[in-house]
Structure formats: structure tokens, C-alpha cells
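Below is one structure. I have some questions about it.
In order of appearance the chains are A, B, C and D, and numbering begins at 1 in each one.
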Amino acid sequence: MDSVYQALVDIVGQEHVSNRQEELFIYSYDLGTTEPHRPDYAVIPRTTEEIQEIVKLANKEKVPVVPLGGGLSLAGLAVPFRGGIALDLKRMDSILEVNEKARYAVVECGVSQGQLTSYLERNFPHLTHSEPGAPPTATIAGNVAIHGQGDLAQPYGFNSDMVNGLEIVLPTGEVCKFGSCSIGSGWYTQHPLPDVGLFLGWSGTTGIITKVSIRLFPSKKIRGVGQFVVEDEELVPEIMYKLTHTQMTEDVIAFSQAIPPFASGLQHFTINIVADSEKELEFKHEIVWDDTLGEYIRSGAGGFLGFRSGLQRPQVSKTSDWRKGGGFEYVGAIMPVETYPECYRRGRDISERHDIPYTVLGRCIGAAHAMMFSWTYAFNRADPETIRQAREALHETDDLALELHGTIWKPGLYGQKLVMERLDPNTLNLMKKIKQMLDPNGIMNPGNWEVS
Amino acid sequence: MTLTDYKYGDVIHRCFRCGYCKFPINWMDVNNCPAYARFRMETYSCGGRLWLTRAWLEGEIEWSDHLADILYSCTACKNCEVKCPLSFNIDILNMMIAAKGEMVERGEVPSPVKEFLENIQRQGNPYGTSRAKRGEWMEGTGIEAYQGQEFLYYVGCVGSYDTRGQETARILGKVLQKAGVSFGVLGNDENCDGNEVKNLGEETLFEMLAEENVAQFQGLGVQKIVTLSPHSYNTMKNDYPGFNGEFEVSHYTQLLQGLIRDGGLDVSGGYNATVTYHDPCFLGRWNEEYNAPRAVLKSTPGVQLVEMARNKDGALCCGGGGGNFYIDLLGGSADSPARRRVREACETGANVLAVACPNCLTMLEDAVKAEGLEDKLAVKDIAEIVGEACGIK
Amino acid sequence: MSGILVVAEHRNRALANVSYQVLSKGRQLADQAQMELLAVVAGSDVDAYAKELAGWADRVLAVKSDRLEGLLAEPCQKIIAHLIRKIKPKITLMGHSSFAMDMAPSLSVELGIPLATDCIDIFWQNGDILVTRSIYNSKVNATYSFAQSETVLITGRVGEFSVEEGGRQGQIEEIEFDFEEESDYKKFEGYLEAEAGGVDITQAEVLVSVGRGIKDKKNLEMVEELARVLGGVVSCSRPVVDYGWLPSERQVGLSGKTVQPKLYLGLGISGAFQHVVGMKGASIIVAINKDAKAPIFSVANYGIVDDLLKVVPALVNKISELKGKTE
Amino acid sequence: MYELKFNEDECLSCTTQDCLTRCQYMDIDRDTAKAEILKIAHGEDSFVLHDCVTCYACEEYCPVNNHPFYLIVEKQEELDVPPLPRPLIRRGIQTGIPFRGEPDIEEINGQALDMGVFSDLMYLIQGRLFEGLPVISQDPRKMFHYFCQLMYLHYGRTSVIKERLPGIIQTIAKHNVTEVICFHDECYGTYTSYCPAVGIDVPFKAVHLFEFLYNRLNELKDDINPINLKVAYQRPCSSRLSSDKHHFVRGIFELIGAENVEREYVDENALCCGGTIQGQRREGSRKRAADVQKRNIEDMKNAGAEVCVFNCPACYTTLGSMVAKNGIRPVFMSDLCRLAIGEKPAGWR
């Protein structure tokens, strides 16, 4: 009998560990274009203590540990490149606390975005959280661990900027808390010391997040989305700038795509506006559509497509079926807003060269401090040639993002390499030291962010 | 096996595994797929099963007992079909059933499935009890054999053999008698309806059962059928027309709804309880009948109806579908769907969990015991509730 | 041409269940044709079996030899071949067990007689014997007749024929048999017990079965004690497995095992259908339950309405006391 | 290219100039009206080309059937006075491009229902009203092959209509239909009003949905239970092209026992749903649309309407939730008819 397997059984129980081909097959795959790699074990722990035991075991046996939330990164971030333990955290699914007055929620690492949305809708209708465009099965912890962003990015920034505190199982098995919770005074701020930055953006290579405190925000009674469209992509940066100046919008997104045909060659904006009353709503409508965008309407350069109450959460999974193929992957990059026209044109070129209908989208972050720009490439899972095409297009796009002075968000292995090649040598060296100090045996999600 | 032989070879790769299939009525958790709720390994989710099926078809993994268990742990509750946002969702269960069919064809199914199918083939019921005992449930009830009455009352296997099922079958019979409904039963001549057989992938046996049943019904001049079980209701309503069996099929809750509304059944005796209703998959998601059972409960004086957080098309399956009330691949844990469901029922503050399906009845009653909730929650079939309300003991 | 010969088999000091099944079927066929039913049992110590078999058979042929320990097919074949040649039964019938699968084909070749295996029905038609077999992966049932032969060999599917009451007093004949040669290829080494800890509740004669009425895992101790003094094994209903108090191989019922012990003691088991399906074949069922309305009392031969936690210690004491007297 | 048949003499001899004097959105006296319409006919610019909300109504008001509306939109294109901002026009034009393969042509040989571009509303085509009636264009992925294109009147792009429409007619004709019942009266108007006005041949007979419903209801008369609801009808712009069929609205209401409430914005005075007005290129379009909608709904409320009946899916999309918010149930006409014959409407909300 495999001694690691037996030890895992002793920690989490027979039903929650597997070394059978079926589980190893499923956990070897990401949903994007990354080549699969089989883990040796799939484990689904229920407690922080179990995770500690697993990590200690992994250190003793020098077995990699690959933590996994919703498993929806698409960039291969939870593919066990060196085998080891695929650690599915979705059983850690308790919402531990909602502090209504201080507007935060403390959740276990397996709590999904949808679970929190639904919980708040039922119990705290005045509160909401920044929900990413991912399927609602994506986890909150997984999302902050990759610097994700959501539909409150325009007023409040990245989801990882909304972290108030973390509980982490370090790569050596100790549990640490970060933020105000570490001195026992609640989960209301991540400050002052130590810094949660050691764990956010590292794709699970510096520890396993087991609890997160995430900020919640006011949820107004009326939430809706208006649409605006322009033909000239050069207008997008100034429109984003003007819209953010109003301080009356929530989510500002510009997109363009080849299919369906109506969207082709045009830049569509979706602009979320919220209000507690019809009076407030009409006031915001006037400021946004009439006063701010009116000049484009009058000149004929921009058109108002109407406003709909009720937020339709995006169902990005539909993207996967564009080629009736069950797959897509995108490059997301944090870009200066002014690069939108170039991002659109060059992205369209790349898609057309690889025979993929183009889809690009830029989401405004903060007061147009940056945008999250994505280039999406659909593929057919049953046709290896289309997967190859998509992979090539993705790599070219990684290059493009850096060329346009952007930075790649949650890069896969190819993108990580590009970023590290350009990284300040001293910064790179610090990363290496931090990694060595935190993870002396190199067991945490190896393959990712490996400084040579 | 190559993909070309598999009927859904051109579509099975389209699942992206986004996970919508796991949701209940909203996004409150990811536990509305009974098999996934029980095991929480991605392999047991709908997406996991589809990907594994494809891997098996393409030779990336070998057939194994475990693979068979994973596929047969699907209860055919249809939550995935209803929740999947993509256009191929109508074929999700068909893809599963076709994969099970392939296993049946090769004789590579879990042994309880084999027993289940063999028992049905030999004795017309999954328990393997003699056909000669099928009519025992009706002893002393005065229920007549079918001979041209308005309705054929089709009882089904669980109602005919399971002790609890038999009680409901009898009470429903008495309720129908009391309402003056003209009906008869088949007794020992009744055969399995085949609904589970179809969902277990044994297409040939299913065809045989359907053909025999249709021939029998037609031979007797049956035009209207009322069923105790939603499973029978489903297959007779939706599958039998494919075998030239066009009957007017209703589930008993639909019949009772009409009888009570039209004053044909006096329920003024009432039933004093706070009741929560568990939607059976084959009445609810499969046939979108969410209203009739609730209407029956609401029109029973004394019943205070409260809803569970998951209801209607978001109801959590009891875990008994797809033959699992017998093959039981989902039992043995506090995470079993039936036990999750009775805990949820308890949270509503109800003291009665009403069901409209003998499979749900046995699954959930078992779960109430396993959870030690007997003092708080009684599981009752709607037939029993109505029976009490119209003074039948 | 006289009679029907049933070959009985045994294992671990008990007649196999399938032997009772084919014996019952043989009795029915013999009665229908007004023939004599013979049973043969071979082994190193067959007296007890012979007595048991006499309940059904008109004549029991008991073959005793040390060579027959462990019921090896090779020596048995020699005996059965000898008996068939001598008696010329119309039918020789045995259960479709691994023993029969080992012996029957080779026996058929040796004697040049027809063989039908794994039959799910056997019946007379116009004086001929016909059998039904399930073919094409159980999709089709086929009826077969035999090639002309004065005797035929049939093996019957395990579990297919119900066991009827015996109640006869057949006569027992002890038969000596000389093995001419010693050229055996197989040798009986001994029975291997199931893996340590694993218990086969389907083979136990006495089952002490517990349900949720046991309340707490620690109360299993007294039940184990009761099982020990009764010389039985502890089994359980599903909730006990769900709680993880006993392993799933101890579970009796629809989703567990089907058992047929001589004595089944149900403690704190309500007797839901799913459970009863698995144990109703027990010879004697005794139920102990606080709830007088528990459905298990409807299948029990004896019942005690009381708290098992009070009854079990009392039972243990009383049985130990009685055993103490006899020992 | 197809030419609009517009007779200037008819206009010269017209004494009412109803086309513009009755316009609900522009305040124009008779003399100005005559001058402006003639300027437009001569290819000169006019404020009318800029201020027109493209509601189609003048097409109905014209006492001599002289196509003033078709003229206005032709000239909007010719003189490059687009009623909408450029991106909206491009978006609209691109919307009608089929992109999911060619349609499957099944021969019908007789009467059929044409869903036009609304195949995703197939759920409305249920029950005994439509029993036995074959439907062409059932597949939402193929719907743009059956798109009558007349929507581009709102976009000032008659060239697109003229370019695409003959192909669409051909596709429908391939089904070998003799009578086409048009789900939307925009299609009906296309085949019975626009095509003759510009000289496009239509090789089948178009039937108005309301006429069909009226006849079906008469067949099912014995099964009708009066619905006894107070209803208001939201007239779509396209109904102005088939004013001869408008009486079926009252006819149907009478048959099903619906009370057609007395209101100001009814029949010829009906108001636009506001969908087109909102996106127009002029200053204040959003508010103007909101004002029209408000007046319309207030009028329904004051008249005591319990139900607002729709023909046009676009009106339903624009106004449906607004009327619902005001306590008036929105419903499609066919659904309301189903209610009267004891069936459950598919779109009640």
C-alpha cells in the first residue's frame, strides 16, 4: 500500500482522498488550453487542521501540493505540473461571519462567489460584493489569490484590494493570520502589518489561503445597466475618463466582438448605474447620458441603447460554446486605459490570423487608473488543431500585452516567463529569497513563478 | 469503443465544466447535484461525469468499477439539464444514459445494478420478490381488478412491495374509493413500468417492458391511467407514446387536485400540521408539475405549507432516482442527499415532510431515522395526508 | 431408469444453501413424475448432512471417505459417475456453484451425457425434461430440450429456486467407495478465512443484528458480548453503517447483504422494508424493540417489547448461566 | 434598384395635409406642412427630416395613400440626415446579417405561419388557436433569413431594405407557401404596403395575424368564456401600414369579452412605445421618449386598463416591464385569446 495515500486517508478519511484514474484524470485538466498533468492524489479536506497535516506530510515526503478553488483560472494555474496532491478546497465552504456595520464578510476558502451573492441577497440585501465575470462557482479565495476583479472594480478597485485579512497555511504547515485579525481585533482591515501581499498574486506558491475577510459594499435598491455604442475605438479612453469623472457609475466595460454580427467593428459600453429611488436614478441618468455623453449623441458619434433595471450576471461559460467546442481561454492584462484602441486593433489582427472570431473587452478599474483588458480565444475541445491555434494566439497576445506596456494578469507558464524576463533583477531576487524562505522544499504549486 | 459509435460523440466535448449544473434555485451552494453533494470530488459532478465518459470513449481511461459507480451515482434528477446555460443541455442526461447503456451492453455495471435489472427481468420488480406477491398490498381493501373502469390505477414496484409503499398504495386506493372514482388495478398482472430500467441504460429491457405494458393496457381497453409513482407517470406519459401507447396519464396528485376542487372529495376533516413539500424529480423537473401537489396540500384545512430553501426546479433530489433507492451508491454518509434534504426540511420548522413519490418516501423516512429526527419530523405521502383529512384510517 | 439424483455440497461444516434450493426443485420434479428423489452427499464426515437431506429425499446416499475432505471435484466426479452408471437416474441435478462448474462439464464428457448449465427453470413437458436458460446477457430466455439420452445432467442457477419445507423421513444408505488410483491433481489444504477483520455475515448461523436503537457506539460492546455467548456474529441495519459504527460489510438489507441464518436477533431495529428484505429468510427471528408498533414484529417469530439496553445484559447473564450449567 | 412610387400631384391637390398636421411629435400647420412635404419630394432639406421620430403614423394619416413616410426616410438617406447616430445605424444594419448557416427549406404547400425574426417567441404559438398550422422559421439560429427588414425605415436606410428584401421573399417562397400568416404586422406591412409601394413582387398572399386570430376564434366560438378584463391595446408603428386590419383589434376584443377601455391615445392617436425615439440623434431624445411613455401609461391607467395588449415584440420589450410596474399586465394578443378559450397564456407575468 502506498504510504502517502494511507497517510492522507488517515488525515481526511477514505472518501475524501483518491489515487484512482478517474479523479487523477479530472484533476489533471484545466478548462483552457494547458496540457494536462496528472496528480498522484486528489484530496478534499474540510478543515484548516487537515490542510496543515497534509502540508506537513507533503514536506516530509517531498510531494507537491496544488491548491484549487473553483478550478476556473483557465490559465493552467492549478494544473499539477509536477504531480503530487491536487488539493480541492471546495468542501471548506462556510460563511463564517458577516459584519453588517463594518461591511465585511469572513469566509472559508471554498466559498464560491455565487454562494456569497446569494447569502447576501437573502440575509443582507443592503450589502453586495464585487463579483467577477467568472461563473459563480469561482471561489472568493481563488479570485483574490490571482488579483481578480469584479463588477465593483470601477469604484473600488481589484478584488484583492478588498481583502481585510487572511488566514494562511504556510508551505511548512504553520497557520498564520494577517491583518487586524492577527491581533484579535476583528477582520476589518488588512493593515498595518504583516502584509497580505506575500500571498496575493502568487498563485498559491507561497501558502494556502484558508480564510478571507472581504469588503462588502452598499447595495442599492435599483441596479441596472445602460448601453452605449461608438464606432470609433479612439473615443473609448476619453469616454471612460469622462464617465469615471461623474462618480456615478459602477461597472464600466467596453467590448467588441465578431459574433454576433451586430457587435462587430463597434465598441459597446455597458455601464452599471445604481440608485435607491427613481429620483436618484433619473438624476444619474441625466448626468451620465444627457450631460456627459450627450455631445456624442448630438454629433452622431455615439448612440444610447437604453437602460435595463436588474443586473444580468454575465454567463461567460456561454463563450465556451461559440465554436460548439466547449472551450475558450483568454489573456487578461492590466493595461493603461489609453491603450484601448491599440489593444482592440492588434487583438483583432491576432484573432483573424488564427481564424478565430475576435472578442475583446476592457473593464475600467478605479477612476480609469487602469483597465483589465481581455482577448478571448474560443476553441473546440474535440479538435486539437483549434486548441493549437488558440494557444499560439494566446502566446502572441501575452507578448502584445507587454509590448503595449501592460502587465499580464494571472499569467500561465508562458506569460510568467515573459514577465520574469523583464522583471527588475533585484525584485526577482527578492522573490526568490521569499520563496526559499517560505517554501524550503519547493512543494507549493511547483512550476509556477519559479525563479531560476 | 470509438467516439463514432457513441450517439452523442459530436456533442459530449461541449461541456466546459463551468459548474452551473451544481446549483439549486439560486447560487446558494454547489450541492444540488446529488452525487456531487455526496462525494464532493469533481468526478461526481455532472461535468466530471461527462468528461470521464468522453475520456473513456476516447481510450484515455479504462473502464473500472469506480468509473461505473461514478456514472451510476447519477440519479437522473435532471438538475443539470435545467441549470446548464448551454444549448446542448437537452442531451446531458441522454449522454449519461447512453454511456450507461454502453456499460450494460458490455455487462460491465455495478453488481447491484445487475441484480436490479435481473430481478426486474425475472420477477417484474427490482426486489426479486415473486410476481405472485405483487398484489398482496391490496388484500382486504376491496379494490377491484381492472375491467374497463374509467381509470387504471397503476401502483408500481415500490408501492406494490415496499411496506411503506404498500401503505400509501392502500390509502390512495381508499381515497379514490371514497371519492367514487371508477378504477381498477392489475394486481399480480402488473409489471414494472421500466422508468428506472431506461435510466440505467438497459434500453432493450425497457423496450420489452414498455411494449408488454402497452399491449396489456390496450388489450384491457385502458384509456386513462393514474399512477402512484411519478416514475411511472413519467415513462407512461412521455415514453409509451413512442410504443404506440397513447393514454391519458395523470399522477394521483393531479387527480386529487381536480377532485378536491370540484367537491368530489371531502377533506374537511383536515390535517393539522406545518408541512413542507419535497418535489419529486419525475413530477417536478421532468414534467414541470409543481402546482398540483401544493394545491392539494393548500386545500387541506389545517395544513400550513412552508417551502424549503430549495424547491420546485431547484429541489434537491432524495438520492433515490436512477435506481439508487435500490443500488444505493449515494448512501452511507451524513452528506447523502436524503439526509441533507431532511435536515433542510427540519430548518423550515415543519413537522411533516410531505412527498408525492414512494421512492422519496422510503429514502427520506430512512434519512429521518439516520438523522435522529423522528421526534421532530414525520415523512408522509400526500395520499396519507389526504387520507386522514377525509377520514380514512 | 429410476428417479432424480441431487448432488448436495457443503462447505465449512454446513450444507450449502444452493443444495436446499435444488433439492426443493428436485422434490417438485420427482413428485410431478412420481419418481424417487435421491440425494448424494460425499465427504469425510457426512452423517449430519445425510440426516438433514433426509428431510427432502426419499433416499440419501452418504459417501464417506477422508479423500473427500474439502469436497474436491476430482474424487467426487468418480463417485458421481459411478452412481449414475449404477442408478441410471433420469436427471442428475446440482447447484450451479463453483464446485459444479468444476465437475459437471468433465462428468458430462466422461459419461457422454447431455449437460445444461445455469438453468433458471426445469420442468416436465409431455414426459420430457426441458430447461430454461438466460442468454445474451440476460436479454433472452431460451428453452432447451436434450439430445436423446437416458440420463441428463443439469445445474441450476443459485438463488433461482425457492426452498420449500422438507419434513420427510427419507432413508439413509452409507456407501463405501474404493478409489482405484491415487492420481489426483488437486489436494485439499484447508479453508482460508476471509481477510482479518472481515466477517461474512451471509455464512453465519446466528446473527445478532443492531439498529439505531443501540443509541451509541459504546453500547456495541454488550452486543458483541451477546454474540459471543451465542456463538454468533454482529450485523446491523443501514443507519449503524451510516454513523460509521460498523463497517458496511455488516449491513443487512436491500443495500447491504441478504442473510439466512438459523437465528436472527434484531435489536433496536424498526424493520423497514429495506432491512426486512435482507433477513426475512432467517429460520427464527427474534425482535427486541421499545416500540410495540415497530414493523419488525410482523415478521418476527418472537418479540420482546423493551429497551434493548436493559434486555441485552440480562440475556447475556442468563445465557452464560445456562451455558455454565451445561458445560 | 426599386423606386418608390410617390405622386406629387396627389400632394398638391390634398386639402388636409393630415400627414404632418396630425403628427403627434411635431407641431405643424397646414401651410407649412404642404411646403415642407413638397420640399422633401423635390429632394430639398427640411426640418421634418431632422425631427421625425420615424413612427410611421403619417403613412396612415395620408388621405390619398401617397406614402409620405416612405418618402421621408428615403430622403433622410439621400440627403444624409440619419435619424440615429452612426454607430446605432451600423449596429442595426449588422443585426440583420445571418451568421449561423443556411435555413432548412421544408415544402409546405399551403398556409403557414411566419415568425419572421421572432423564432425565439415560438412559445407563444401554442394551443388550439395554432393547431395544425405549419410554422416556417422555427429555428432561432436561422431567423435572420426571414427578417422582413422593414425595421430599417427607423434607420433611414431604405437601400438596405431594397437590397435584402427580395432574397428574403425568395427564401419564404421556397417553402412553397400560398398564404403566409405574419406573426408580426411589420412583416404584413412589408408584403402588402411597402413591396407594392416600391415595386417588389410578392409571390404569396400575406395574412394579418389578427385576421387569422379573429377567424380562428369564430371557429372556436363555443369554447369562449368572456375574459371580462379591461384592456388597452399598444398599437405598434408597423400597424400604420395595415390600418385596414386595425378593426380586428376591436373585433377580437368583442369576441373574447374584453372591454376596450376609453382612452386618449387610441387608434389613430396611438403613441409610439418610445423605443425608437430614445436613441435618436437629437438633443433630449432620452427624456422625450420617457415623456411619451409616461403619458401613454398614465392614459392607460386613467382609463382603468388591467391589461396592456401587444402585437409587436419590440413594444413589449420596451414597455412590458413599465406597464407591469404600473399594475397593468402586459400580454401578447394571441395569449389573451388563449385565455378566452380556457388555455393558459404562455407569457403571463
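Rule of thumb we're sticking to: a contact is a pair of C-beta atoms (placed from the backbone, for glycine too) under 8 Å apart; a residue touches a chain by one contact, two chains touch by 3 or more.
Source: prediction; values computed, not measured.
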| If you walk from chain to touching chain, how few steps can bring you from subunit B to subunit D? | 2
| task | Can you give the shortest number of steps from subunit C to subunit D, where adjacent chains in the path must touch? | result | 3
| Using CA atom means as chain centres, which chain is nearest the centre of all the protein shown? | B
| task | Measure off the straight-line distance from the CA centroid of subunit B to the CA centroid of subunit C, and report it in whole Å. | result | 35
| query | Just curious, how far off is subunit D from subunit A if you go by their C-alpha centres, in Å? | reply | 45
| query | For subunit A and subunit C, what's the span in angstrom between their mean Cα positions? | reply | 63
| note | Distance in whole angstrom between the CA centres of subunit A and subunit B is 40
| query | Where in subunit A do residues touch two or more other chains at once? | reply | none
| request: Could you draw the chains as nodes, link the ones that touch, and say if you get a line, ring, star, complete or other? | output: line
| request: Let me know each pair of chains that touch one another. | output: A-B, A-D, B-C
| note | In the complex, subunit B touches subunit A at residues 11, 13-20, 22-23, 26-30, 39-43, 48, 51-52, 55, 60-62, 64, 66-67, 70, 85-88, 333
| Partner subunit D, residues of subunit A touching it in the complex | 229-231, 259-267, 285, 289-290, 294, 296-298, 300-306, 309
| said: Under the definition above, what is the set of subunit C residues touching subunit B in their complex? | reply: 120, 134, 137-139, 162, 212, 238-239, 241-243, 248, 254-255, 270, 272-274, 276-277, 295
| request: Over in the complex, which subunit B residues touch subunit C? Could you list them? | output: 104-105, 107, 112, 117-118, 121-122, 127, 129-130, 161-165, 204-205, 326-328, 331-334, 336, 339, 362, 365-366, 369-370, 372
| query | Hey, which residues of subunit A end up touching subunit B in the complex? | reply | 15-16, 18, 20-23, 25-27, 29, 31, 42, 44, 70-72, 88, 90-91, 93, 112-115, 117-119, 121-122, 135-137, 315-318, 320-321, 324-328, 380-382
